[in-house]
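There are two complexes below, and they share chain A, which is joined by chain B in the first and by chain C in the second.
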Partner chain A sequence: MGALFDVLTDNFDELAGGLWVTLRLVGASFAIALVVGTLVAALRIAPSKWLQRLGGVYVETFRNVPLLVLLFISFAGLRRAGVPISNWAAGIGSLGLYTAAYVAEVLRSGVFAVSRGQIEAALSLGFSYGATLRRIVLPQAFRTVIAPLASITIAMIKNSAIVGVSLLALPDLLKEARIVQSRTFQTDEAFFWAAVGYLLITASATIAFRRLERRFAIRR
Partner chain B sequence: MGYLFDPDNWEWLVTANNARFIFEGFLVNLQLALIAMVFALAVGLALALARISRSPVLRFVAATWIDVWRNLPLIFIILYLALALPESWRDAYENNAPQLLPDVLQTGRVFAALLALVLYNSAVLAEIMRAGIQSLDRGQGEAAAALGLSYRQRMRFVILPQGLRRMVPATVSQLITLNKDTTLVSIIAIQEVMRHGRIVTGFNFFGGVQAPVLQVFIFIGLLFVATNLALSRLSRRLEIRERARTGTTVEPIGGLEDQVATAQAR
Partner chain C sequence: MANSDAGGPLVELRAVRKSFGDNLVLDDIDLAIAPGEAVVVAGPSGSGKSTMLRCINGLEEIDSGSVRFDGRPVDPRSKSIGPMRAEIGMVFQQFNLFPHKTVLENITLAPVKVKGIEPAAAQARARELLETVGIPEKAGASPADLSGGQQQRVAIARALAMDPKLMLFDEPTSALDPEMIREVLDVMRELARGGMTMVVVTHEMGFAREVCDRIVFIDDGRIVEQGPPAEFFAAAKSPRAREFVDKIIHH
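Right after this comes the complex of A and B.
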């Protein structure tokens, strides 16, 4: 037991620093995923076949390609092509755009969960397309998407671990655990604390989303 | 844009044996995904049964086990096992790996990778199976009990055949995720498509032109998109067939990104 806590106290700065990098990575990617995901979802429900198709291509591409391939393309690929992209930009961009495809799908299915009759009623009352979406559909859709959004966020937190160990060398939690391990050779201890870190982040995200869900629940 | 579509930058695809080399790597990924899936299904079923068993102790142990493996990043598990597995286990795998596997998959490192993929995916699949089983009408189990079937008989003849059928689409979506996840084993130096991609872009491999990183990995990405699109088509078709046969819809199950895929197919 002693060795377990020694590894934590001896390497606290590295591990805590790694946790902080992971949190920043997750936070920034989540913001991108929400913004881009909303835009793509808007494309997918737009009243034009071509815009819908464009949104569909985005979703099918980013959902079916491995995140690691995206990281290679956005970092090594773009750099070799002469675009001076930083490792943070590549990491946040890849994770954000990848997750955005899932967010878009969730938002779209949330919109479709609102019954057609409501939309037709709103349109026949003279609401414009935008106003119908903003005042009738989205407030209701928001409630139904909180739970699936939570599982996407958790998946994204786990996926963030891929960024650090790929070519990008962002010193995130897993990367720092790896560094501590290669210096001390205390594999079990170093990885134990990294696991605790990841489980802490995912658990807090779960609790936060559960609160959100309770707050917006419909009371009948 | 000019750089991206410049024919000179795509020349690598038809020179030397680059394309074939990439395809060979991709085949390793598909094989890894298939092998891991078969084992994950078996282990996942055992975990799911333990998770809903009548013994509270077994239920608790299974639930904890599933939650831990499901909530850790897969890359974390792969890296940890690659570093922590005793040498003797890897040697045992190397000595006993079936000869029909390709050489790449007979190395000791592959054992760590496969074990990680199975640990993670069996936990995910166990949750999918549990949801499938528990989404069945309670009356099914009660009717079977009233007819005098034992617990084992109820499971074997009534509950599992119906419950597991419901999770076929979710399982296919998980196979898509697993297929993407096999690229992660390149981190522990298993020679699959990502490694092959890096070799092709490295230097004048095979004496051909040097391949640009961007184009090579876009090509590899497209391979995955094509395969996974085919798989999700299959999943959707299975689901529609299932719905037509039973007149029910499949609940969105599974706690991962794949939930979205199932929800979307509805």
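Right after this comes the complex of A and C.
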């Protein structure tokens, strides 16, 4: 038992630093996923067939290509093509855009849960189609899909572990745990603390989403 | 200059036709409604009453003919439709209150965001309207906490908050329990007495007889007969209308 805690205290700076990197990676990716996911969902329900198709192409592309492949393409591929993209930008971009596809799909289902009558009520009050979407439909869609958004977010936090150990080599929690492991050969201990770190983030996200749900979920 | 001020009709439908697929729902509808008039639209289910009502504020697009409000064409595809709808209140069978807003927010949302009224002024007006519809104590409640009758009264207050020139009611009591129907009809009766121009699609023939100036009877997408309620109920001219009155009165 002593060895377990020794690994934590002896390598605290690395592990804590890795946790901080993972937090920033996850936070930035989440912001991208939410913004892009909302825009793509808006495309998919737009009153134009072409915009709907554009949204569909986005979802199918990013949902059907493995995250690891996206990371390779966005980093190695873009660099070879002469785009000087940083490992941070490639990591956040890949994870964010990949997750956005799932956010868009969940939001779209939330939009369909908003009744036609809500849209008609807003239109009849003089709101434009865009304002109706923004003020009435999307806020209700978000409130309807808080639980599935929590699942997507937790999946994203766990998916972030790929970024550090891929060729992007971001010094995130898992990457730092591997460094500790290879230096100390205390494999179980090092990865145990990595697991605890991920659990801390996912558990916090779960609690945050539960609060959101309690506060905002729609009673119908 | 607004047409209604010059003595013209507030609403005018001319030769309106509308189909859903192969199904002709409105067949050559001509109808004019004067400012201050309260009109009840009656007829069997599926006769096209609600569709006709929804053409007046452009929620339904017509295939041919014309719909005019206050002298201006109602065109769901034009930019002018939003501002025009802001002048036409609509009350739905299913209330359609916004579930993510409080009662007060439901009423102030459009005045503030569509008309640009100061939030404080909009709230003061909303509280007045809640007083008018008899539920001032529910301002902070969520729609889910209200009974159906209360929700429908809030929906009426929400429409009135825009100071509309015309109110459309689409079967406003059809989703309500019998004991709540009256509280909603009472509010509508007061509105009619106050001189509001209204078009009401309803099966409440007691309300029609007592409150409205004219009954428009629709069957199979056509206006079969129209006239003052006393005449309509006592001596409808067409066999279809007589049959309808018999069923409603004597069932």
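Assume the second predicted complex is superposed on the first by the 213 of 220 C-alpha atoms of A that agree within 3 Å, B and C clash if a C-alpha of one lies under 4 Å from a C-alpha of the other, contacts with A are read in each partner's own complex, and residues count from 1 in each chain.
Convention: a contact is a pair of C-beta atoms (placed from the backbone, for glycine too) under 8 Å apart; a residue touches a chain by one contact, two chains touch by 3 or more.
Note that this is a predicted model, so its numbers are computed, not measured.
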Name the contact category of A:Ile136: first (chain B only), second (chain C only), both, or neither.
second
Just to be sure I read the superposition right, which of the two partners does A:Thr187 touch: chain B = first, chain C = second, or both, or neither? first
Across chain A, the partner (chain B or chain C) reaching more residues is B
- Taking the superposition as given, does A:Thr61 touch the first partner, chain B, the second, chain C, both, or neither? first
- [ ] Look at A:Ser128 in the shared chain and tell me whether it touches chain B only, chain C only, both, or neither; answer first, second, both or neither.
- [x] second
Inset, instruction - Based on the superposed arrangement, let me know which partner A:Ala81 touches: chain B (first), chain C (second), both, or neither? - result: first
Chain A contacts chain B in the complex at 60-61, 63-70, 72-73, 76-82, 102, 105-106, 108-109, 148, 151-152, 154-155, 157-162, 165-166, 174, 178, 181, 187-188, 191, 194-195, 198-199, 202
Touching chain A in the complex, chain C uses residues 57, 59, 82-90, 92, 94, 96-100, 109-110, 113-115, 142, 144, 155, 158-159, 162
Touching chain A in the complex, chain B uses residues 3-4, 68, 71-76, 79-80, 83-84, 176, 180-181, 183-184, 186-187, 194, 197, 201, 212-215, 217-218, 220-221, 224-225, 228-229, 232, 252, 255-257, 259-261, 263-264, 266
In the complex, chain A touches chain C at residues 115, 117-118, 120-128, 131, 135-136, 139-140, 143, 216, 218-220
